[in-house]
Amino acid sequence: MKPKVLIIMGSDSDLPVMEETARILDEFAVPYTMTVASAHRTPARTLKLVKDAEKNGIDVIIGAAGMAAHLPGVIASHTVLPVIGIPLDSSPLRGMDALLSIVQMPPGIPVATVSVGKAGARNAAILAVQIIARQDPKLTKQLQDFRRMMAREVEEKAGRIAKKKC
Amino acid sequence: MKPKVLIIMGSDSDLPVMEETARILDEFAVPYTMTVASAHRTPARTLKLVKDAEKNGIDVIIGAAGMAAHLPGVIASHTVLPVIGIPLDSSPLRGMDALLSIVQMPPGIPVATVSVGKAGARNAAILAVQIIARQDPKLTKQLQDFRRMMAREVEEKAGRIAKKKC
Amino acid sequence: MKPKVLIIMGSDSDLPVMEETARILDEFAVPYTMTVASAHRTPARTLKLVKDAEKNGIDVIIGAAGMAAHLPGVIASHTVLPVIGIPLDSSPLRGMDALLSIVQMPPGIPVATVSVGKAGARNAAILAVQIIARQDPKLTKQLQDFRRMMAREVEEKAGRIAKKKC
Amino acid sequence: MKPKVLIIMGSDSDLPVMEETARILDEFAVPYTMTVASAHRTPARTLKLVKDAEKNGIDVIIGAAGMAAHLPGVIASHTVLPVIGIPLDSSPLRGMDALLSIVQMPPGIPVATVSVGKAGARNAAILAVQIIARQDPKLTKQLQDFRRMMAREVEEKAGRIAKKKC
Amino acid sequence: MKPKVLIIMGSDSDLPVMEETARILDEFAVPYTMTVASAHRTPARTLKLVKDAEKNGIDVIIGAAGMAAHLPGVIASHTVLPVIGIPLDSSPLRGMDALLSIVQMPPGIPVATVSVGKAGARNAAILAVQIIARQDPKLTKQLQDFRRMMAREVEEKAGRIAKKKC
Amino acid sequence: MKPKVLIIMGSDSDLPVMEETARILDEFAVPYTMTVASAHRTPARTLKLVKDAEKNGIDVIIGAAGMAAHLPGVIASHTVLPVIGIPLDSSPLRGMDALLSIVQMPPGIPVATVSVGKAGARNAAILAVQIIARQDPKLTKQLQDFRRMMAREVEEKAGRIAKKKC
Amino acid sequence: MKPKVLIIMGSDSDLPVMEETARILDEFAVPYTMTVASAHRTPARTLKLVKDAEKNGIDVIIGAAGMAAHLPGVIASHTVLPVIGIPLDSSPLRGMDALLSIVQMPPGIPVATVSVGKAGARNAAILAVQIIARQDPKLTKQLQDFRRMMAREVEEKAGRIAKKKC
Amino acid sequence: MKPKVLIIMGSDSDLPVMEETARILDEFAVPYTMTVASAHRTPARTLKLVKDAEKNGIDVIIGAAGMAAHLPGVIASHTVLPVIGIPLDSSPLRGMDALLSIVQMPPGIPVATVSVGKAGARNAAILAVQIIARQDPKLTKQLQDFRRMMAREVEEKAGRIAKKKC
């Protein structure tokens, strides 16, 4: 199946976090490609990945980076596809640097920013599915099931806590 | 024409900023509804607006709020539509409170966060258009024209600066 | 005995911290219920818990959450009972996100915010007792004893340090 | 009528902000006393005010201060009455100093902290009413009316915005 | 004379600040070109400016931008010339966003970052002169004179204060 | 010998850090007393310690605390002796809370604030010696020797590094 | 009379703030010298001022600076006299830069840091008087009177507020 | 060969980080000297190192320090050579103190600041090579090779991730 999401991480050391994104796209059976490119070390590679994505019918690009995390913004500067940015916690400043570098895009070129770190890696996948679901009612249904499942999990946990207290 | 974007602001004092969002959606001729609802003061109204949006075929909901800006997250908790959050700078903490309250959503319920304040108000509109454009190639073309126009503006400004220095 | 305090935590992973709250309410023999609900994943469950609390004569609701910690504010939006919020340190931003998301409530819907993490979990319990004590002079007495006990502990520790130095 | 709330501000320059607290208590017809005392410049006066409050049947003490805002914590150290702290924005650090100085109380002595500045001044009053309402069902009714009035105001504003857009 | 410094600002609204950079290069008679280009709105223009700079014997490139200030990092990703970054204070977050977006470059692609705002605009010019001076002993001499002049200014100011106090 | 410095820490868990203060005062043979008192849990004990210090000829009081670190400010409010404050890193906010709570004292009641944590614990001792040295030329001489010893240590370390590189 | 306090400010633009320091020393009739010197622009002048201060019997040096405020630390590195540092709010980062640059001194060379800006300018003077008072019981008496006067002022303000409310 | 870069670290405990700087200069075969000096503990040694560097034809000085990191600014105040500053993460404030103390230099005396910690240690070396390369085309060629090698590494990593996913 043709991939609908392109995931680019700034460094292969981000892989353990980014596998959360992949895992959730797998749960929704949304096909994706995941690769490494650096806004700074491989600007040409980044540009080519984005241009190929546009040609190959990719719907959403997810960029994840730490520190002065320019990757999502640089991706967004080369495409009008929706771009999701995940700020990673990979410097002594604990992801505050990556968050501000991703979210504070100047007017004209938005990046859809999600939470710092692993929570953001998951949320980027769900947000991508929500965007693609606008053209695919089956995905909307799956998202609603996913919500119900999350709600059930919370209720089961509440049940376990209630028992423990007895 | 049926609105495709629902814009909810937390307070009518946010209107001057939020008119930037409206203005850009107007430029793209994307129909929208803009209203006021508070996650805290009118939770029932917020819920009804979101549920109606789902029924009426809204594609994207934009929520804008300052301080402990729960509005976008509360909207997102009631729908699987993509939700865009704009952190507003309306407290002594200069929007850092709104930014963290919007972007740091826990895993499962993403909010696509954009820049603090007026820049974010514009970027939210463009991001909404980018999401809707996935089903509407004409919008993709308009987004590409918009990019070219922005680039031309930068070049004209560069020209004016060059002249001034002579 | 009918519970007087309802404790809601956003995730069962918060239980080790929240047991501090329970432990102190136990010390004061103030009956409570402790459960899990998420402002975002289970908004309906959260609403029902709050409405039931009002009916069942609960005096204070304590909400604890990390990241974009909307739980206490969402609780407060559904009740006029006093709501205490505990910001938890469960993201790379070390609880600063949860603190601002809880304390910076817009005018009209207060959340009584306490310290980040374990210290806050203890203080939320004591604050709840202080509120309930306004109708129960016996609790006021217990609170005064608790203070004296804390003071005595400090003095004993001072004694041990003094000895060590000799 | 005997005052139920004691409001202490750290400096008379805080009066314009603190009048918001007074105005809302007036709306609820909750009697109060408002005065100035400094944790540092008049520790004895602060102690006396707190001890008198306990004797005179005050239910809640509100302390408001900026900078290294010790006032609410110092009040709390002298009483087991519930103490509400309002961080004021009166230094170049924009209230972040006051917020952390008030909310981060060590375990044992809570301060119920509300938002920075004017929003907090209003919320402190409402929180005080919510606490007193536990013994006074008439106040609970008033609080519910207040909520409905706030909701109506939001809806009216939404109506005005809707008209403007036509 | 052939320019030795290329100054790129992200927006023409930055011109009043950036004229400080120009003014100081004029004082040292170091020829420069000043223009506008955006990392995001005109990535191709930015790339071309950088590549032309390399061909035309430019020694140092100065990039100035606010918000998620990617411009200096993007410039640096296209050249091995020394790149100086000036974080501008043009968002509610007061330049902290621009500072972290510029200074926190990942290993491999440095940006020589200077102070936020007008102070940085001046220091970027001096740093550029210091770099070029390594090949031009006359500039070293001028820099030493500039230091002496600054020292004299401080002494004169001290003199005026001393007189005022008499 | 009569103690010249009174060291008060907010909690006995601060002892490992505060032993640095004691160790350096021992090096200078400046007699001191070290004890535990809490601004909040034992306000009366704190007041008594301060009043006794004044009577007993103490020259400097050092207060060390974490979180909303009121201890040094509360000490300072009860005496005109110089008070040194050490912000401790004992909460998720990494000492930023303690730093602002100590240093941002309102006009009229200063606290001489030193670095966060262990570095501050050492510097508080040295600052206390510097203050006492104004009446004791022998201490001035010791301080100068201490400086020379620190300088020698740096030089020896430089020597070891130089050797390693050969 | 021979000056006992040397006040050095980093720039003559700091004079309006620093006149608060002078005014309070005047109130206590403590003689002082006030001048301008820059840690960076006039390191030799700074060194000479410090060395002369030591020779001339100065008891305390006060250094005030904004931005990367090295002045107090550089002063402290050249003397074992007590050095008080005032962080000034003269950059977009609102004094947080100056505060951390002054207070976070490494172990061995303390700077007694006071509040940011005008409050700190006043507190530096009082702290200097407190240090000098250790050798001059008359000053201790004056400091106690100053405290009483501050307390009286608070009480008068409280009186005026009480009247206004009647 | 005569050293071209002088590396000064504030403490020998910084050596493990600073070896990254040395390693990269070795890769480029740029000769350097690495030593320890403290702006505060050994101001005279620091001054002498800087003055000797000027005489011995050093092209760039790199200063690395944590906390109130004055070292790079103090070096810069004694020379017109380009000075690179590396903020180290060696206090509870996680390098934010060092970053602001280094980058926020007042107008007149720039420090070329790089990222906090190990990433900065590497980038300082590369920036030094970029500066020296202006007089040495062979180094420019090496820098371009280094860039290509970094790009190749990213591509190889991307290849490995692609394989893993099959």
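Order of writing sets the labels: A, B, C, D, E, F, G and H. Residues in every chain begin at 1.
Simple rule for what comes next: a residue touches a chain if its C-beta (ideal position, glycine included) is under 8 Å from a C-beta of that chain, and two chains touch if they have at least 3 such contacts.
Keep in mind it's a predicted model, so treat the numbers as computed, not measured.
Counted by residue number, the contact pairs of A-B are over half the same as those of F-G, the matching pair from C-F, F-G or B-C. Chain A and chain E have Cα centroids separated by 35 Å. Mean C-alpha position of chain B lies 34 Å from that of chain E. Shown for chain E are the residues that touch two or more other chains, namely 11, 38, 41, 67-68, 91, 93-94, 96, 103-106, 108-109, 115-116, 119, 147, 150.
Applying the touch criterion to all chain pairs gives A-B, A-C, A-E, A-H, B-C, B-D, B-E, C-D, C-F, D-F, D-G, E-G, E-H, F-G, F-H, G-H.
Listed in rising order, the residues of chain F touching chain C in the complex are 11-12, 15, 22, 34-38, 41-42, 44-45, 67-68, 91-94. Residues of chain G touching chain D in their complex: 89, 94-96, 115-117, 119, 147, 150-151, 153-155, 157-158, 160-162, 165. By the touch rule above, chain F contacts chain G in their complex via residues 59, 80-82, 84, 99, 103-116, 118-119, 122-124, 126-127, 130-135, 140, 143-144, 146-147, 150. Looking at the complex, you find that chain D touches chain F at residues 10-11, 38-41, 43, 65-68, 70, 73-74, 76-78, 91, 93, 96-97, 100-106, 108-109.
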